[in-house]
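Sending over a structure as structure tokens; questions will come in a sec.
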């Protein structure tokens, strides 16, 4: 295992007993470096979300090991990992401020520190004006920002995002992508992003892993080579087109396979 | 699908077990046979009552009252519901009232109705209508609300007559909400009428139960009780299945 | 609700909250006015019907009010009222607690819930009055019978609502609690209970009305004390103002309690429906 690795998956396999028994994922090998922005793209049903569950410690691999900062995960969520889910996980009975501060309730930090962190996160995600509103009054994009802010206050060292922008329109997605990059740079955390949008992966990441159809395995790893201070305007860079093209050519057959199986 | 069938089987098993438990408790005397008679005797009494024809008048009276109340409630409820729907201000006011309506025990008006209309069918029908109509209103309102405005635009694009708009667009789009209202209406009408007959009446199945109770005629009482309960469960069950079919057809199409 | 894309500074649009608040206030004022008008119309209708029937069944509103005032000053009335209150309080408490426990259990254990729910729903549609003789045979005439009536009416809706609340919990909330490494107790207290609360409050509201109904009918059928008895007795003695007054008291209590619980429920629900619901 590389000393620089923050996250290490080794021969990870995930099987579900069913009926019917299905191998959802693997074998998967992956190393994520500290501070890296890594995206995973793959066809529907390939096990991307299962992978995220395994990395977060929300599930255990059937075989193989998952190590975060050298420690093997045994089915609990380790300290230092933040998760943003695909579905809206904002709590409708709490205000934005209360939602964002929710994760710090168990931290034992003094009230002032909590309030400071919450304020900083709210301002960082552009929610200051809505701090005392409730999620039902906000749009889908804003609610996701609340969830991201909630993760932010925990100062995670690895941020996991499962198709966080799936429900948003294209333009909002591009801007949220910029937000995510800003977040990544400011916190210095590593980011593992799961997305079905090839352009999003190509534009945001240092490295993109392409997954096969179920059971998901990595069939390609693409280094983007973008500078650290990038934003959504890389779409106009010449390399962007060829990156996306390469991702799609790796992915296309797998997607057809997945569709054939589903239909 | 397998899971649903498994649940059904277990459910029947649970109910059967309860009945058997009751039967055994009654037969062995754990439960005083003067209070509760064994289920097998209840069934025998029920069959005897129906078979002997003694119950026919009561059955006719009760069922006709329920049916009348049900039909009136539907007519009244749909009409009022549609009317309210057209007048938005009325809608806003009616909303909280409808929400509070079922918190009032409508039954308390029954003695008033008897004083007003005498001790016959009339107060029972009115009670049934009072109980059932708001459910139909609510169902109609929510059904009409559920007709997406874009469908009305579609009707105009196709230049449909009002009658056709109603039959081809409004009606199919509004279902199954009104149907849920109808199902509840039958349930409430049945409960209202039987309760009324039970407490203060001279005819009907509810009265038959009450009379048997006061005459210390447990077998008859339980027999009629069982009959009423079975009718209620079956009637509601049938409507429930229809409602499910309606809903499923829509979600698939 | 529009999105807030736009300038990269993400300050959002120009204070939408103020605009919608203003619109909400006018709507509320209008609705309050309309409601008062409707109440007056109903009172007028009441008056007309009562006069039209020569006070044989209901006495007119004003007369009822006056009679009620004097009635509320007699200790006899309050004896009856307290009897009803005691029976109801016990019935409601039992329905609520048992219903909550049962609903939580059945909601959590999928299969048990699937098996039992139709049975409960079926029980809901039965005319439970027909079971009263059995209750009386088992419990005799008295408080316990009345409480039991209340419970057989109030238990099932509470259970069904709680069951639904637990079953409809968005799984993402539980995953969020795990991702934040909350202990099971904290997960229940901080996530599950608040998420289920609106439906549980609705269940309490319905259970309240139905337990009340059950106790009242029990009193009308088989008691010598309580508001239900007072009502039937008033009818039997042809004391129309009394029965009308009792009906009024019951209606007011029922509507007041229901409205209160609706408000409480809305406060705990998905806060922020634009016009205040």
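Think of it as A, B and C in the order they're written, each chain with its own count starting at 1.
Just so it is clear, contacts are C-beta pairs under 8 Å (C-beta built on N, C-alpha and C of every residue); 3 or more make two chains touch, one makes a residue touch a chain.
Nothing here was measured: the structure is a model prediction, and the numbers come from that model.
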Pairwise touch network: line, ring, star, complete, or other: line
Chain pair with more C-beta contacts, B-C versus A-C: B-C
Label of the chain whose CA centroid is most distant from the centroid of chain C: A
Mean-CA-position distance for chain B and chain A (Å): 52
Between chain C and chain A, distance of the C-alpha-averaged centres to the nearest whole Å: 45
Gap in Å, rounded to a whole number, between the CA centres of chain C and chain B: 20
Junction residues of chain C - those touching two or more other chains: none
Contact set on chain C toward chain A in their complex: 1-5, 8-12, 15, 17, 170, 172-173, 175-176, 178-182, 186, 190-191, 194-195, 197, 268-274
Contacting residues of chain A [partner chain C, same complex]: 56, 58, 76-77, 79, 81-83, 85-89, 91-94, 102-103, 105-106, 125-126, 129-130, 133-142, 154, 169, 171-172, 175, 178
Partner chain C, residues of chain B touching it in the complex: 3-4, 6-7, 10-11, 14-15, 34-36, 89, 92-93, 96-97, 99-100, 102-105, 107-109, 111-116, 187, 190-191, 194-195, 198-199, 206, 209-210, 213, 221, 225, 228-229, 232-233, 236-237, 240
List of chain C residues in touch with chain B within their complex: 27, 30-31, 34-35, 37-38, 53, 56-58, 111, 114-116, 118-119, 121-122, 125-134, 136-138, 205, 208-209, 212-213, 216-217, 220-221, 228, 231-232, 235, 240, 243-244, 246-247, 250-251, 254-255, 257-259, 262
